[in-house]
Amino acid sequence: MKREDLTEKILDIKREKNLTWARIAETIGGHSPILITAALLGQMKLTKPQCAKAAELFGLTENEAKMLNEPPYRGSIPALPPTDPLIYRFYELVMVYGTTFKELIQEEFGDGIMSAIDFEMTMERQPNPKGDRVRLGMSGKFLPYKYYGNDETVPDYGFGNP
Amino acid sequence: MKREDLTEKILDIKREKNLTWARIAETIGGHSPILITAALLGQMKLTKPQCAKAAELFGLTENEAKMLNEPPYRGSIPALPPTDPLIYRFYELVMVYGTTFKELIQEEFGDGIMSAIDFEMTMERQPNPKGDRVRLGMSGKFLPYKYYGNDETVPDYGFGNP
Amino acid sequence: MKREDLTEKILDIKREKNLTWARIAETIGGHSPILITAALLGQMKLTKPQCAKAAELFGLTENEAKMLNEPPYRGSIPALPPTDPLIYRFYELVMVYGTTFKELIQEEFGDGIMSAIDFEMTMERQPNPKGDRVRLGMSGKFLPYKYYGNDETVPDYGFGNP
Amino acid sequence: MKREDLTEKILDIKREKNLTWARIAETIGGHSPILITAALLGQMKLTKPQCAKAAELFGLTENEAKMLNEPPYRGSIPALPPTDPLIYRFYELVMVYGTTFKELIQEEFGDGIMSAIDFEMTMERQPNPKGDRVRLGMSGKFLPYKYYGNDETVPDYGFGNP
Amino acid sequence: MKREDLTEKILDIKREKNLTWARIAETIGGHSPILITAALLGQMKLTKPQCAKAAELFGLTENEAKMLNEPPYRGSIPALPPTDPLIYRFYELVMVYGTTFKELIQEEFGDGIMSAIDFEMTMERQPNPKGDRVRLGMSGKFLPYKYYGNDETVPDYGFGNP
Amino acid sequence: MKREDLTEKILDIKREKNLTWARIAETIGGHSPILITAALLGQMKLTKPQCAKAAELFGLTENEAKMLNEPPYRGSIPALPPTDPLIYRFYELVMVYGTTFKELIQEEFGDGIMSAIDFEMTMERQPNPKGDRVRLGMSGKFLPYKYYGNDETVPDYGFGNP
Amino acid sequence: MKREDLTEKILDIKREKNLTWARIAETIGGHSPILITAALLGQMKLTKPQCAKAAELFGLTENEAKMLNEPPYRGSIPALPPTDPLIYRFYELVMVYGTTFKELIQEEFGDGIMSAIDFEMTMERQPNPKGDRVRLGMSGKFLPYKYYGNDETVPDYGFGNP
Amino acid sequence: MKREDLTEKILDIKREKNLTWARIAETIGGHSPILITAALLGQMKLTKPQCAKAAELFGLTENEAKMLNEPPYRGSIPALPPTDPLIYRFYELVMVYGTTFKELIQEEFGDGIMSAIDFEMTMERQPNPKGDRVRLGMSGKFLPYKYYGNDETVPDYGFGNP
Amino acid sequence: MKREDLTEKILDIKREKNLTWARIAETIGGHSPILITAALLGQMKLTKPQCAKAAELFGLTENEAKMLNEPPYRGSIPALPPTDPLIYRFYELVMVYGTTFKELIQEEFGDGIMSAIDFEMTMERQPNPKGDRVRLGMSGKFLPYKYYGNDETVPDYGFGNP
Amino acid sequence: MKREDLTEKILDIKREKNLTWARIAETIGGHSPILITAALLGQMKLTKPQCAKAAELFGLTENEAKMLNEPPYRGSIPALPPTDPLIYRFYELVMVYGTTFKELIQEEFGDGIMSAIDFEMTMERQPNPKGDRVRLGMSGKFLPYKYYGNDETVPDYGFGNP
């Protein structure tokens, strides 16, 4: 069984039962809808209790439920650059603003990166008379590059060599 | 003269004069620091008055100042996927969360995209005892796909054919 | 079930029943034949009433009909650059005229793009004694880049940090 | 001398003299502004009289003027897919509508292609209260695939073999 | 049903029945053996009467026969550059002589291309005491680039805009 | 000035003065030789005092010294996969052991990654009668994926929308 | 039967039986857990006695057990660069530190490489109050490039030519 | 000096002196115009007497003339697939007819290839009332794969090993 | 039936029957073990009598045996560059020594290539006290580039044009 | 100074002085002509005495001579797959015979590789009445994969962590 087959099965049942992600996230609970959607699309894991609820909702086998509890091999886009226009726009933002992000984050924080692991995100509708807007909030921990000294201790790698 | 040569010149002078992007954005004014940084990195344009201030600050020739007023051929990353770890993390977010963005935006808004053109962004430091965080706010207009009818009018392309 | 399998099924039945796209678009109605063809090829969605008509015409299951109502993961070309000569010619036009489009649109409209979302298209035969011609009309909304100010308000991303 | 160096020189002088493409096309005359812009961007050729006018307008050397009279090695996009958002949107249209173009052109015309060589194009502003639109008209000769018979004549390639 | 599955089926039956392409082309008739082989390999279409003969020869279903009458999505090489040495040699000729073709065709004919659509080909054995040779004859219509004027007529794209 | 030109200059002077990396790292001091070598090869930054020492050692201009104090656009390999056999072997380890790393780190630590930012490394000679060995020690902080809740607070991105 | 199908089967049974790699490695024994995990993921081979134990543990057929005893076609990553963040971080280390490895290994050992074949590895948890760390130890034999002389002996390749 | 710089120089002088390839080939003589054009474009070599004539015609230095006598590093296309429409059409022929060439050549000749080395080519104008045609004649020696026996003789590679 | 499925079947049976390539080559006979192994891996063809023996040894159907008698679409490596370390080393030799091969073969033989078609190879164990060596002998016919004259004869391609 | 500039300089002088590789290798001495040619093409290093001779022969500066004594960043082919036919044929051998090499080397030697580092090569002319042949002899040490045990000793990486 491959994770993408499980994802396809979940999407089939979602369609069949007329479920929405909002409704699914509410039923499974415990995490943000973004995380739960991402997990069911094969990009994050669910906790065991969440897996049990997902199994009930989608009629999954025990092994399928266990698979939802495993960290997946991540990467949701069939090909890069993404061919889908909605997803491509995010890719375009990276292409256009990537060096700007680098300059401004480093000026403010020093040498390091914004974590994509210790990272949270929100997404919501922003009403606007000229046309509603998609509002994304992202917050990632700043991780400074570790600049370590030259410790003279001779490492012992335990391989049993002289 | 190529835009990347102008970018390189600006970075040389920024280094020489010990300028910061915050200071530069304040001097040029009128737009968000993100936009002004992006423009000087060759990804956005400045207005004519901003170009004049930039020319003064960086000692640019008249033709260089004019170039800053032109929409550039966008694309700031030397190669994709980006080799720089800070920029790569944003690319990784697209790879991991791309399909989640698609599902949730479409569930909320219908068939369409979040504009990367009618788009605003903020970036700031979020103090946190466990390590400060980078906070990004993004807001893009939702653009619904146009589903148009089958207008029977015969178009006239003006090429002078019978 | 994957969208490409549904597309393949639709093409099989089209062949079996000796249908034409013109005839199919007339039966399903409501949108331009271009949109309806694109939807059945997995690039656009149909409305629910259109899905019902498509289901009847092609003998689709309920879940297949629902799938036609979902925005697809777009991207119709098996590989880029396209290997099919008819499709390649369009790709060639982008390669040859891409920078010309950029210069002329920006000279006329300023910094921005022609939308591929708020976009209409017509295609028809243009009789010509030297050999008939394919006539394409395209109309996309011009979207100016948003050049926003530096709003001092401190955003609140609602993550509950201090 | 490379054609891209000549293109860069022309853009430098256009900037210096505050020229517009509209003005340049009017001065050089004889062809559509699209063709003249494309030629100066290194994608088409000019006639000898047009080259003379271009040489005068841009202060070109005799050899540079001659180069404008040669068919260039075409391909205007620095990298594919295009990183510039304006140009990318056209590429996206090919990705999304490519198979639709193929089905509809072939249903109407039979097996063949729309020529990208015997091809005309117009581009103009379409006023619209909701936001002006970019209007593109394209007209390419339909070229049917030649399905030839099995001529029994033994070809003679003239290489002097027995 | 995909065209490549039909190609695979045809090759299986060809093997089973000990057919040769020469024999197949003779049976189906009407076109050059090159065209008929290409069609059965999924690169060209057959006429309806040819499809009927092919269906009889290979024991095809009615839908399979209809598929042979459709213009295929062309592109016969699993990957480019081709890994098969025989096919690679042709690719190598393009790499080595491509710019020579361009210079000489343009010197003789002006700006344009040799059509790959209005195109004929022959292939045969050329006896030679030092080792027989493969003789290829190609003939493609020269298509001059259309250099069109700037017609002032305002096109009417029929979209019903003001 | 580009960082790679500075790297090339440093390598030229290193060669001219018969310097070794060991000697250079000792002179500049403060960090591990790995870090200092990486910084001079354009992959890490030096502190200001280290820059001063480097400037003296290599005879750098003030602006070159400042550049060494900036976080570089990282990515040291001219092309990927690396063509140099020594570097390729490390790439090969990732290809062969990548999924093993994933399984074992996740079994031990849960869902997350080993940081390449909060990361230390040692490299040394391991004498061995059958041929000396290269000994590498790596230590990276484990970063668990943040699984955050669904905070109901409405974020305020400060864009001034209603 | 393909090796990746066997890997998938092993992962299915591991999930079903709630096995851990630690437990599996202990049961199969004889090699480091890294090697055993890599072998079951299709990157290394097991000895015949290990195969017998693996066959018992996972309920493999005789042919499947034999396959585990064959050197596999190595390469565990679905696509390069790796899309999974955990694995990507190792790839990033190669990109950033590759040239540093080259300079320092060659300075210490001369012209040659660190073997990825005569190579050992350990991986373990390193407790740390600021967050535990992943500790990797690698040890590869240094292989000097063979600089051979110009032996005048005429080789005899045994092809029977004069 | 690189061969492409020499090619560029030759094209500059050809333009300056208003030379044609036909005229150049006639002056240099001895080989087909295709070969001479290809040599001057950096894809073939000239003989020493031809180099002398080329040197006189183009005013080349002695070292430049010698370079024309060396077999070049072949490959004339800046990028593959070719972006220039004229050259792309040849590439398209390989994509569409590649497998047909393979089937028909092998049916006629057995397992082997058509040589791209022992290869001749002609190109000429074929007058035609519907539009003149480009006529290409190609003739390459058929090279059968060598299926050799298992000669038991022990080869002696002359490395002096026991 | 695809050739790769046949290869997979042959490997399954080889495993099941505990065959070795040495034993297989001896049974099938007539060619070098390298050729026979390559043929069974889908890279060369067998003669009809060899196919009969292979069919008996592996229990192949008549159509499978016929397929072994056909020249395959060559290319044995799943992806290039090869991910398997053993095969990669050969690729590395091409990358490192490719230009050396070119210089030395051309200095000795003139402009041309070493044939990969009229080509023989041996492989064997070379005992050595420091570790046995793999000994490869290769012998390929030198093929000089054909430099042909400019034959004035007008070729007749037999297309029936005036 | 980059190694490729040095290679270009050496080739310029070789041309100017009418040197041959055979003559150069004889003058520099000490190693096989293959190694010396490879070193001067930027793929291997020379010893210091060899560098002195090369410096004299080619009139190199002291720093250039030192550069020849450094292990280069290897990889001699401008792009892969190689566009030059002579070099491509070697690449083709890897594509066609790669899996055969793998099967036969592993059957004879067990799991491991043929070293491309502890590797020797000869190349020579093999006279043959049907056309002379290029004879290559290769000999690489077989390196078995190290299958190591699970040593319980806790490694000490010397980073000073608790």
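Going in written order, the chains are labelled A, B, C, D, E, F, G, H, I and J, and every chain counts its residues from 1.
Definition applied: a residue touches a chain if its C-beta (ideal position, glycine included) is under 8 Å from a C-beta of that chain, and two chains touch if they have at least 3 such contacts.
Computed from a predicted structure; not experimentally measured.
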Chain B to chain J, fewest steps along touching chains: 2
Listed chain pair D-H, E-H or G-I that repeats interface C-D [over half of contact pairs the same by residue number]: E-H
For chain B placed onto chain H, the superposition rotation in degrees, Cα atoms, nearest 5: 145
Cα-centroid distance, chain A relative to chain G, in whole angstrom: 28
Rounded Å distance, chain A centre to chain B centre (Cα mean): 24
CA centroid of chain B to CA centroid of chain G, Å: 43
Residue numbers of chain C (touch at least two other chains): 33, 71, 73-75, 77, 81, 83-86, 92, 95-96, 99, 102, 106, 112-113, 115-117, 119-120, 122, 126, 128, 133, 135, 137, 139, 143, 148, 151, 154-155, 157-159, 161
Chain H residues within the chain J interface of the complex: 1-2, 62-63, 66-67, 70-71, 73-75, 77, 116-117, 155, 157-159, 161
Chain D to chain A touching residues, read off their complex: 81, 83, 85, 88, 92, 95-96
Touching residues on chain C, where the partner in the complex is chain B: 25, 30-33, 35, 44-45, 47, 71, 73, 99, 102, 106, 110-113, 115, 117-120, 122, 124, 126-129, 133, 135, 137, 143-151, 154-155, 157, 159, 161-162
Chain A contact footprint on chain G (complex, rising order): 8, 12, 15-16, 78-79, 83-86, 120, 122, 137, 139
Chain J-facing residues of chain I, complex: 20-22, 33-34, 37-38, 41, 43, 74-77, 80-82, 84-87, 89-109, 112-116, 119, 121, 123, 125-126, 128, 130-143
